[in-house]
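Next, two complexes with chain A in common: one pairs it with chain B, the other with chain C.
Then we have the complex of A and B:
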């Protein structure tokens, strides 16, 4: 804790960023592709892929201490291509934010506010996020630290409460492995681990040079998210069964709904889950929003200000309003996945190869 | 206020000095001069008769000098202080400070022989003060019962009594261009970070006002976040709190003429603690601490939660409760939001009325208000009984918050969250909580994050957060700066 550069805030930042929409929609998506009770193994595969990708990113940022992606990209591939890369990353951050907040607003509309228009739900969220983002990275890190215990305790309480309703038969058979199916599922589960790429933005705030420190940060954050996901997968399958998972839009919330304890003030616990989950959405949004804002600032070479903040906020807000319904929203995820490949694997890989090559030839 | 430069020169003789003093004080009627001769010396005493103690002047200045026989020529002008049975007597060379000394209740002794003139200052202040009673708004169950009073000398004494340490340091500042007020910066050298002391010094000396009325006003002058409802400095009237804070490496500011001492830096955690927490065994004390936190949360969130459950998410209330709730709400003409605002308003008015009225009537008003108005409002069907319960429970919770300023801040926040809940239900409430916590995260009190130790997270410090862990003999005292 008292080291010069504590890694705890970074770990908390990454965990809060990674946990987001995935926890609600992932069980259904995976069930559609894998369709067997041991599909949680795909989650572990997904986290391993994410870990390898994070190592690739780390090899890159290790070469440029105290610099963000937006700083070192122009140095490696020249000013304009570098700016293009930054722009792709900004677009990626904006569209991922738009996607998650739209999903959230659909859920809020479905479970909490059935008559409030989407735009109001979204606008309120983006505005409050704008306020947080305008206060700078160190305050954002503090905000995440404040809410982290709340998020974690929400997950723990929900797990404890729902253990009672697990039906073990739903989880069987455990060791019938269809490797190919599980690997196919990895493609889906991998995307619920995105968020670690923001280490390329955090690298401007703190220097990461040691492999040990880095594997600790990435390992703990991906590991704990993976643990939470696996836990929730098992709960989901155990309580709802695979067949049901395929047809329910938001399985985890339905799962929380099945918890019933008579005599409590709240008879239904999805409120507890929604509370904690909206917090995670807010943290994820903040992280991407901040990255996008920082990217825009670096591209046009000016300081963070309220105009740019509003610009990025409006971009996220209007992009979130584009899909007309939940089906269109989910189908837009495909484009998002392609963009993610570019931002997560493509850009770092190209930059890494070129910077290696430059070093060799000089 | 100073003697004007143009009138001042080194060769001023005694009578013109007296005239100058007279002029400076605009011939006020309580300014007194007393002239007499001791041996070959002419002596003039100047003092303000109402704040200087005549008995001290008689006993320590006049009578010793009058017993000197007239023929005793051995008395020299420099030897005068030796004749007076006083612990502190100062020679004044800077005549500009004379007015200040007179205002402090000192007696000016002007001694003159044929060639020279010397000026001495003797502290003869007369205090009008109350006893250091237990402060009204910070009662304690088992702690020390002394409290600060309006006299700064006594406040310093109280602090010295609580902290017998050679490291306890008082730094004096004079603020105010029209009326000067003395401010003392108090800290423990070695415990307190030098940067913190320097920051406080800078802020105090950068205050430019005509006069500082009170410690609480000084606190507002020192604050950086003018638009925040949360106090950046804790104000307290108990020496125990100040002593504890000093031991933790904080600094304190005492203001002359005010029983309010300020403590900086302040954190939210600190505002929710009472010295009593440390006087009991740690398990009950921890429970009380947790209770305080829960109380704070309830006082902010309860009305908003109730509103959003009743008007947006009825589905979340257990069915049997929902049925009985809707029964009680039957016949209430207002939507529950208006109902809540009405009740909140009534409670706030009752509270203010209770504070303003003299004590014996005050309690009557609150009883009459609470029972009669509450009872009739319910029985006439203007508000539902559940709403009355929610609002009054919230009010009681906000009374249980140890710090009055914090309780005021939370009262304000409560309305904001209530409004958000009324427009967007649970979701709006959550967004409002995000906004408030963003504000709290941004807030710094003298460069210290306001939400320490929760953000930035510092698990080691949690032993004095939600809970209060046991003391270990031999363990080092906590320090904010570590």
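Then we have the complex of A and C:
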């Protein structure tokens, strides 16, 4: 084991994973709960909660160097309960993948390909992801690094283009004394930071033992995602206003649609955003797909092969087709949130407590 | 392992190889530049809709020189809903209408008198093809007539209507475009607002005043004349240029015309106990542009005192006139004072948001106009 391990690929992996559907749907969800022009503060609260949770997860993986969640869970709580925990995590990864790709296919259906069936859009994405995942983690990390500049430059270009249409009156007043509402919003914004829990899977690839290195990785990735989210919240509120955010299905895309330069030959800037954004969805899907596949392999104790790969792909694909429409899709997010609580906070917390207790009593 | 990779790769290749099998050629699209909506209320149909198609073959190009006909074609059809009318177009035109490059929408007065604007606009906001940047205009003329008027400089009436508002820095009577996005914001904020009006003047399209839309029933409450639009612009801090005319009525001498350089309006709601009042202060710098009183000597210090006083009085009068229209005649806050109340006194706003219309009518407004005269041009003839 070499001491100096690069942290940049891990940071890029985490950022690409965390940014997903949240950037498109979160402004509306938060506006419905908070409904104040300063609701972007909720995003910062959400990132702090996520950071604390990530530290909890780190305390756990620090005790088991070079092992994934699926490896150490059976060691801590026994074979069968450990497998159950792994299974919950796999289910979580599969359902979150299904959720994001279904949201993406709905958006593609709305704005780009309105005559292509949902299943085709989903199949293209799942199949290409299957191919990438079959080539292993190091290739996935490489792929993420390749696309990362595209994602970031898309965000930057969109920000520069839309900054002139911000109306400052929509963003004011900034200091309203209703902190309670903002805290309520945290419950929603927290879920848009989901993705950092995959360090429990990455820990099999790279050892994380130092607090300094880890806080750097988590801090930079959550911090930059938080910065991007806050920026897009401000753009959304400034351009569309709070009242509008509550009624627009996909606010960020509508925001991109308001960009217009008179007499310029290129008119549809939302396409620029959509192309970049689909890549971020693909990276998020890849990360979860890989984790689910790895989990399944570890549970049944066999090597990664194309049958299991197809199994996971089919599971994601068919789960994504379950909601009958966009309203059902959004309401299924509540179940997903409960599952996230279990996978993000429940499992790591139980494992941590038990492993501490075991150490104490031995 | 190689073969397994191939098994994934081949289906993927199949998807790519299909290429452009369902592409639409741009010449085969019926690109729509403008929509006109009117109210019929006949037995057979409630609404009429005019679509302005681009006729690509008639667009004059540098190679062929002059064109044969107009580069646009209007098709007016009647029906009971907008989408059904759009689909009816397919019975008469082989090109499917495409609205992604829509430039303007003209709505008739009759339609807005009979139907609330949120019902009318709902379809256009819901459909993804319509952009949020399409400006909306109202007209008292026949909608089809407006869209058939030969444009003066542009190729399409649709573009002509939209681009007129580019002169916002030229005239006080021109206000900024109200686009779908703004409209939707006003509707979800439940606020009153104004829609710019277009009319026909000697067979040319002309920007005139504006229609006031009430936030109670979302229908037309009244009209603003062109000079009242000027007063509204002073209040809403959207003055970017234009002229202030001091006529004989105000000064008792020959008219003086000033050009506006820069203007800034501040609205400050003051809350004393539960009593709200609003201080509105206008700061602007102007330049002497036209002076019919040639005896005036601008090289003498203090030449500007009287002009300053008179011009301030003129603008103050026009502002107060619009405020009294809003407060007394209509009782609707289309001046957007509520924005500043919401920002400065959020607690008060939360409490009185529901009854703002009646509160607004009784709020005392102090208007304070302060002008600076910055110049008098290159020569002062005596």
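Here is the rule we go by: the second predicted complex is superposed on the first by the 355 of 362 C-alpha atoms of A that agree within 3 Å, B and C clash if a C-alpha of one lies under 4 Å from a C-alpha of the other, contacts with A are read in each partner's own complex, and residues count from 1 in each chain.
One rule holds for everything that comes next: contacts are C-beta pairs under 8 Å (C-beta built on N, C-alpha and C of every residue); 3 or more make two chains touch, one makes a residue touch a chain.
If you're wondering where the values come from, they're calculated on a predicted model, not measured in any experiment.
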One more residue to check, A:99. First (chain B), second (chain C), both or neither?
neither
Would you sort A:12 into first (chain B), second (chain C), both or neither based on which partner it touches?
first
Is A:128 touching anything from chain B or chain C once the two structures are fitted on A? First, second, both or neither.
both
For A:85, using the defined touch cut-off, is the partner it touches chain B, chain C, both, or neither? Pick first, second, both or neither.
neither
Output check: A:268 vs chain B and chain C. Expected answer is one of first, second, both, neither. What do you get?
both
Which partner does A:143 contact after superposing on A: first (chain B), second (chain C), both, neither?
first
Should A:205 be classified as contacting the first partner (chain B), the second (chain C), both, or neither?
neither
Which parts of chain A are in contact with chain B and also with chain C?
124, 128, 131, 267-268
Over in the complex, which chain B residues touch chain A? Could you list them?
312-313, 315-319, 321, 424-428, 430-431, 434-435, 437-438, 441-442, 449, 451, 454-460
Using the touch definition up top, name the residues of chain A that touch chain C in the complex.
110-111, 114-115, 124, 127-128, 130-131, 134, 169, 172-173, 176, 240-241, 243-244, 246-247, 254, 257-258, 260, 262, 267-268, 306
Where on chain A does chain B make contact in their complex?
1, 8-9, 12, 108, 112-113, 116, 120-121, 124-125, 128-129, 131-132, 135, 139, 141-143, 145-149, 264-268, 271, 274-275, 278-279, 282
Could you list, by residue number, the parts of chain C that touch chain A in their complex?
4-5, 7-9, 11-12, 15, 22, 100-101, 128, 131-133, 163, 166, 181, 184-185, 188-189, 339, 342-344, 346
